[in-house]
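Letters A, B and C mark the chains in the order given here, with residues in each chain numbered from 1 onward.
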Amino acid sequence: MDLFLERLISGLTNGSIYALLALALVVVFRGTGTLNFAQGELALFTTFVAWWLTTQSLPIWFAIAAALGVGFIMGALIERLLIRPVAKRNDMAVLIVALGLFTGLNSLAGLLWGSETKIMPSPFPNGESDFISIGGARLYGDALGVWGALIGLMGLMTLLFRFTKVGLHMRAVADNATSATLAGVRTSRILAIGWGLSGAIGALAGVLVTPLAPQQLSLTTMFSIFIAASAAALFGGLDSLVGAVVGGLVIGVLEAMLTGYVSVIGGSLQQTSALLIIVVILFAKPTGLFGTTKLVRV
Amino acid sequence: MSATTRSTDPPEGPGTTGAPAPTRPAPAGDRALRLRDVTITFGGVTALDGVSFEVHPGRICGLIGPNGAGKTTLFNCITRIYVPSSGQILWGDTDLLRLRPHALAGAGIARTFQNLALFGAMSVFDNAMVGGTSVSRVGLTSGALGWPPARRRQQALRDRAWHLLDRLDLLDVAERPAAGLPFGTLKRVELARALMSQPALLLLDEPAGGLTHSEVKDLGSLITSLRDELGFAALLVEHHMGLVLGISDHVVALDFGRTIFEGSPSAVRDNPDVVRAYLGRAA
Amino acid sequence: MGVQDPTVVDDTPRVTAPGGMPSGPVPAPVSPGGGGLTGRGPLTIIEGSRRHWALRALGVVAVVAVLLLASQAQAFRVGQFTNVFIIAIAIVGLNLVTGHTGLLSIGHSAFFGLGAYTTGVLVARYDAAPMTTIPVAVVLSFVLGLLVGLPSLRIKGLYLALVTLTVGVSFPEIIRRAEELTGGAAGLVVRSASLAPPAWTGLGRAQRGIWMFWVSAAVLLLVMWLSRNLVRSRFGLGMRSTRDHEIAAAASGVRVARTKILAFGVSGAITGLAGSLFTMYIGALSPDGSFTLLKSIELVTGLVLGGIATQLGPVVGAVAVVFLPQLTGAFSTGPLSGVVFGVVLIAIVFVMPEGIVGRIGLWVRRRVAVVPADRPGLAADTTAAPPPAPPPHSNTHNRWEDQ
């Protein structure tokens, strides 16, 4: 039983990370109608920034805050300079730009800071004895921290979207950008904010995932997270925040259970399973489980 | 050229221009489009309610009605985008409701689109050639290998395409990509593409949309002269009264999904039901 | 001759499909007042005429000359050129499905890998003669392509790209698992004795390099010829119309589903063929070596840089993709080439979306136009319609507007 609980906890923790990155993907999708293929690598880059700051003897919390800030700025800049000019044209051009960012950001991180694996300190009490017991299983500090981060973020997002003007504008732009502009919404600023927000959320996902053993910070860390997050986001149809979170947790738990109980699966076949989930979802509902179908007028 | 053959054969050899002047109107095809009691409901709304009429071979039938009357819905039923809840649509002896949308071209039915649906990156010539897909017999491998018999079959289609482009005054822009051409030109390109399959029934979806007054007149004469040469029947969904009444042999008016009038163009204008549908009832 | 040829542009010049990356050579922009160099418009060449044949012969001679010259280089360079040919073949395959049918695939490394490992396994484990493994590799890749094409029926655009990503990323994983057959993560080595040129060529083991050079060059030319025919054929019309407007294509009688699936099949087969040659060229395979997402990105970069939906783009793109890392390798190790690829991808979309060949094609079409012989209104006919006006200036800005 405690093994089951441990797996559950591990699954929920990983799932929270997937959910965080999936939230970032959904925020971008709602604003621009496209999946930011480079989301994972942007998160990676900002996490490297955080790591670097910790090597400069700066406190971990400062490094994390800085990473969030860098993530926000980079996200906004990318949207304004690289995505918006091209988004008018078509899907493929945006995808290719995203592909370029994907490669470029990953390699840039390697170029700036080297490609060896790095140790990223955890912001949460992570020692051998920092745990609480639940039903025989151990709940360590970092798991609690990650859950807390997810819950906290969801709370913030809800507040943002429900109760602030910016949130309202973001929902308007996501729904119908043209009408929003006509109604006086500063659409260009909102789009940039959306991407900035998602860059920050991605950074949060990055700094939280890497300290989780055995993951240390390497150039390949975020790719499988991105795959799982994409699956999670698709679960919710790419435009449902709740769906993304549920999807992330479900995928995390599923993975943990499968890895634990089915020995064939392990390591990077986890990633393939997430990918297969994506394909299955898309087959069943080409626009995601909860997504809306686009109608075309001829 | 014998009078009993349809003058769709392109003139012999490359390099000649101009369609041969028809000596007399081409005989019509022999299939009629028959709608019987077509009904379709969406959720709680009955968009079409027992619509019945016929489009006779070689005749132009105009379909009119105020906004929301169900013209587009009916059009989409015929082009197999929607499936009627009940009723029959017969094309000659064929049950049209059995066909998938892409099978229409092979059945002798071609359509144009209200918002223009052209292949922007392809040349005008290629746009037309796509229209001949259903009548071409060139397969994948013979195409890839440049197999001479396949080339010859393709050549007959190419000749027809050139002929149509010439007839529709599109030679000037034949090699230009469709994207970026003037709206009126693009309407003719769509028409050329539709005519490539030598359809017996041409479905025109608001062809006058976006055209100027004189362009509409030209379009009208173009359609009638093409019909005289090629002998197709046509169903014309249209808002522009001048065009509909000018070229239709037969007019059907819809309102709230029902036929409220069927008859000749001259009778439509004064029909009280039609007038009421368009102008509303007196308070 | 002697009569003023009307000025027309040939070879289905294309511009951006509304809603698409450029889909081929862009028509020559001509200044509003008239055209070309002398004001009379581009020089016209009628397909099949003597001028045309002369031009083609010149082209053939040039290609042969370049190949002969290249084959005389040092063994290392010859190897590099061979790699270029192989990558070019792979990109020709990718171009069919992404450039001409409009279905972005970021998983073509899977086809490359399938072809490579098919040949590798058959030669290393079953002692097959390398050349005989090619048909097997092609067929298997074709089948995989058909399978990958199935999702494209329901799934579009970015979602389809995700599916292709799945395929591409799963491939090395599967190779690693099938250790018995493929050598797993440790890799597969094919003894060079097995890869020696066939006896009938009279070449020895040591001449394997030059043998692969010529084989790859020949296959590349063959594949380019096939691709050109295909794109111009009825099937090619189906591919391109599906890309530009699926609904209208269907209404015109194009069997869209069949077209997409077959396009993926043929595309996969050609890229698989490249993979097969790759094994013969390199002799050692590893799942994380040349069959990862990075390879897929390389192929896409080469395609976009060379010129999407052009005939010569894949070759130019392959040259760039193979030699760029060499250039950057001079400054630093690996990561720099990744950055360069990223920058190139982004820059191309902004600066030269039609690619290098597309841009050159623009320039060429301003000056020379090849006209199909069956076009009405050519000089031979005295009752010809007045010569069509040269295409008006299509300025770069407009080319990109969605309708």
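Just so we're on the same page, a residue touches a chain if its C-beta (ideal position, glycine included) is under 8 Å from a C-beta of that chain, and two chains touch if they have at least 3 such contacts.
Since this is a predicted model, take the numbers as computed values, not measurements.
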Longest centre-to-centre distance from subunit A, chain (CA-based): B
A-C compared against B-C, more contacting pairs: B-C
Centre-most chain [mean C-alpha coordinates]: C
Separation of mean Cα positions, subunit B and subunit A [Å, integer]: 51
Centre-to-centre distance between subunit C and subunit A (centres being mean Cα positions), rounded to whole Å: 35
Euclidean distance of C-alpha centroids - subunit B vs subunit C, Å: 38
Multi-chain contact residues (two or more partners), subunit A: 298
Interface hub residues of subunit C, defined as touching at least two other chains: 16, 19-20, 247-248
Where subunit B touches two or more other chains, by residue: 113, 117
Subunit C residues touching subunit B - in the complex, by the definition given at the top: 8-10, 12-20, 22-24, 27, 226, 229-230, 233-238, 240-241, 243-245, 247-256, 262, 266, 309, 372-378, 380-381, 383-385, 388-389, 391, 394, 398-399, 403
Complex contact set, residues of subunit A against subunit C: 34-35, 37, 82, 85-86, 88-93, 95-97, 99-108, 110-111, 115, 223, 227, 230, 234, 268-269, 271-272, 275-276, 278-279, 282-283, 286-287, 296, 298
Interface residues, subunit B side, partner subunit C - complex: 14-18, 79, 101-102, 104-106, 110-111, 113, 117-123, 125-126, 129-131, 133-136, 138-140, 142-146, 150, 154-155, 158-159, 162-163, 166, 171-177, 179-180, 193, 197
Residues of subunit C touching subunit A in the complex: 16, 19-21, 102, 104, 106, 151, 154-159, 161-163, 165-166, 169-170, 173, 177, 247-248, 293-294, 297, 300, 304, 332, 334-339, 341-346, 348-350, 353, 400-402
